[in-house]
């Protein structure tokens, strides 16, 4: 008894000395004192009062209360644990748990009545869909997991909880279907998460950098999504999803290049229209990357690839422009990038004004002043608009950077420079692997069926999962089994 | 992990390497010798080379996942292996120098007349080295992507040329009085097949199976079709008597084509400048990769990137020297039949015969199944 | 680590050398874009006339669209082609760009002197497209290039459009520079369309015959129907056939043209078979027509066409020049003999059999048989 008291005092002193902003509620009983320790900013005070303090107070003060008794008969909290390791008290408090410390018992109770302020489930902001569901992830891991679990009611869904960050101890959930996902991929991801040695992570973007093969990665090799339906779709395909507390973006692995050009609406719309949109995105991606370089190559080097009437017309429209095409293109691309970046950062109300000012200044005034040619403005606008077409914006980012290299190479050596840079980029793309899957699959190594399915997609037509994912279960649905509606 | 290629990749590697540069002067060389019967000379030459190709494919299938450097010691001993490796390295080096020089000359003559020749080599060779350094798997995948686009664009362009050309220019297709010319036409038709033996350095994937033989046959048949298409379309467009005046007959013929029904695409140069050049470079890159693979196996202790840089420096130096030599291409064309005979026929035949005599084939077959 | 630093340094040097390049970079506005080139021979000198668009001034002084002449003509001359070209270069503030040339105009003087040298010059110039149309003219090129075409402001484009119109009408017999080079290499005689000024308007007035690279003769436009039938692709022509006291306008379209040479005992016989589809377009009077009349008209048409073709062949024999493409057919049938015979003499001594067949096809006003009076014949 005395030793329990001493221990109890010692723990309280230790916690008070650390200035962890821990609140204490003492309850006295015949046998001793119970201290309720909690951090008020992350504890549900109402639940604390109703489910812990009130029942304790209502309990008879004549009898001795042990920690086990408190769990079994007194407190009303659904998730509580009995602990004896005193060193874990601080970490439990910091995790948002409430501690019941007994002066007459070496054990203590850990209660889960956490309450962190979080926002309501929003609509997706960057991955908008017409026909698909409109719920998106938020920063709370539990809420995100609830969105996934409400869609996937299968016993083989695994949710492995891990923690990263010595100071932040950020919870991370690794989700996969045990009988579908490739073990190598799952183990690799879990290993890489386990190997992270850092003081803290604040977003899934930072986590992503630790999970990739190389330190320097230009092309994205993990998908990101803020949508629960896309997450579930990825899990059903046999992929592994990593959700981090504090980030509304889930990471999906492995993800190949062609998948960045898919959007969720492709799955919900008529398959022919979905195909049309996919092809449109491929064209848009190519246009956004090469159209400015083609302009430079044709105007500066290879004018005779155009019909004569076009050449003369272009020459007439550029007759007042003082810059050479390379400088012209680089200037206007820089301006376009500046406008794009400023529109992200600026408050919405001013954003519209910037868009109008940018359009007027660059569009009208620059052409009227003869600073830029009208054709170039069309070319760059086309490039800019095309860059917004792919659903997953992360695939455009490397091309935004590489575009400048391509422009400079083309401006220096014409189509020779253009071809060489394209070759280098292609070589890098085909040499990439994303968690053991070739990045350019199914284009190379070529698989005809997967390639067709990546263009013309319909779940009804594709009972098999893509071969390049090397899943354990190759079939989405067994062949010749009719899909029965159970509800 | 051993870098292996699939059947499909083998097809594209062969198509790009064997055709990318050789189709440029092919039409004028065939027109000079075989005249309107060029198609026949090409067909006969391709059929002649089908046999050695099948032999090489058979060897590769016998020793799946291995290159000649790996299985030759079992057959002909280490000394013999080094001997043939040295031969192949020198052979492919010579061909690489020829190819790089010709690529530079073509680009300078047809598209970049003001750019000094040495600059073209200076910017292209490091890029080739960089890509070939990435390994045979990367190069094979690249060939798969680029090869498809190259073939589709090539067929489209040549069909357009046929629609714009004059049929009379390729007639008569056969004349018994010209048979001697058709036979003479076999020698220039050997040029596309020079690098055929590169397959010996590229290991086949285990899942290739017997389909690789079928793929090899289809590759040759496709190449026959493609060469005939190229040559005949060029002759139809430019004319038999005039085409002999151009060294780069393909490019001249493409520039001559102006399909008016495509308002925007009246000039097809842009397709050659992008797709054609990419295919051309891929052919050089494959040869460079093959040399790199050979040399890396021979000097396993040296880092691959060091060998790659050394190869690049050597290639550029040779390029600078050969710019000053006017008849290097004639020299190559004169000795090519002998080189090809040794590299594509003699050495693989010896290896095959020894493999059969030593009954490695039986064991090999068991593993293959 | 050191290796990587050395590699980085090498890359930096390499990129710096590369970026210092731009050897072939030539801005579109830094060049003089040429739409037409004319070559004349005057006083033992070569004279170049080139048509250049005026890129700076587009509208007229009063601000109206179109404005004044937007193309200008620049002249350069010299004893040799190289000197003439150099003179042209000196007179232009920007280098000449030949990639936009639509038409090459050779005057009769140049043709008489010989066109081979200039064609070989074109052959080795990569800027010059081999698909450039080549024509001849009998007027001063300066006047021709200074003319104001109806719809276009450029003479080069105008002539090209005229050739396209003729092609659509099935009446084009023209060659690009690539075809001319092939004809010169195979020593084949050929014809080039001739454009002259008629009432200050540019029009096609006939065809110039080029034999061994030199001017050999001229075929006026009204005598060129046979030429079109013998050389044109998708040839068609409209004939007005007089019948009794009215005229029948028919359109004849060439369906097939078979030229079969037969060579034996050093004698050449050419069998020419022409098959036409004919369509009766309209009558000059509102009379009826029945099968018999149609057949008569058809017969008459065949005679007329036969006459045109025969006249053309006779003319070529009179001129002592085979420009009708028969050599090619002979080469196809007798590839070994073509190298050993004197083709021209063989052709001149040859006998030619011409068969013309035509069939009236329904279409247009073919149903007017039911209109008007009953014809007298049954």
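Just so it is clear, A, B and C label the chains in written order, and each chain counts residues from 1 on its own.
Definition applied: a contact is a pair of C-beta atoms (placed from the backbone, for glycine too) under 8 Å apart; a residue touches a chain by one contact, two chains touch by 3 or more.
Just so it is clear, the structure is predicted and the values come from calculations on it, not from any experiment.
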Closest chain to the centre of mass proxy, which here is the mean CA position: B
In terms of CA centroid distance, which chain is the most far removed from subunit C? A
Could you state the distance in Å from the CA-based centre of subunit A to that of subunit B? 46
Roughly how far is subunit A from subunit C, going centre to centre by Cα mean, in whole Å? 65
What is the distance in Å between the mean C-alpha positions of subunit B and subunit C? 40
I need the residues of subunit C touching at least two other chains; which ones are they? 18, 21, 24, 129
Multi-partner residues of subunit B (at least 2 other chains): 111-112, 115, 123, 267
What are the residue numbers in subunit A that touch two or more other chains? 304, 413-414
Residue ranges of subunit A in contact with subunit B within the complex: 298, 302, 304-307, 310, 413-420, 422-424, 426-427, 430-431, 438, 440, 443-446
What part of subunit C is in contact with subunit A in the complex they form? 18-19, 21-22, 24-29, 31, 33, 35, 53, 55-56, 58, 97, 99-102, 127, 129, 157
For subunit C, which residues are in contact with subunit B within the complex? 3, 7, 14, 17-18, 21, 23-24, 123, 126, 129-131, 164, 176, 178-179, 181-182, 184-186, 328-329, 332-333, 335-336
For subunit B, which residues count as touching subunit C in their complex? 35-36, 109-116, 119, 122-123, 126, 168-169, 171-172, 175, 177-178, 237-242, 244-245, 252, 255-258, 260, 267, 305-306, 309
Counting only contacts in the complex, subunit A reaches subunit C at residues 299-301, 303-304, 308-309, 311-312, 314-316, 318-319, 321, 324-326, 408, 411-414
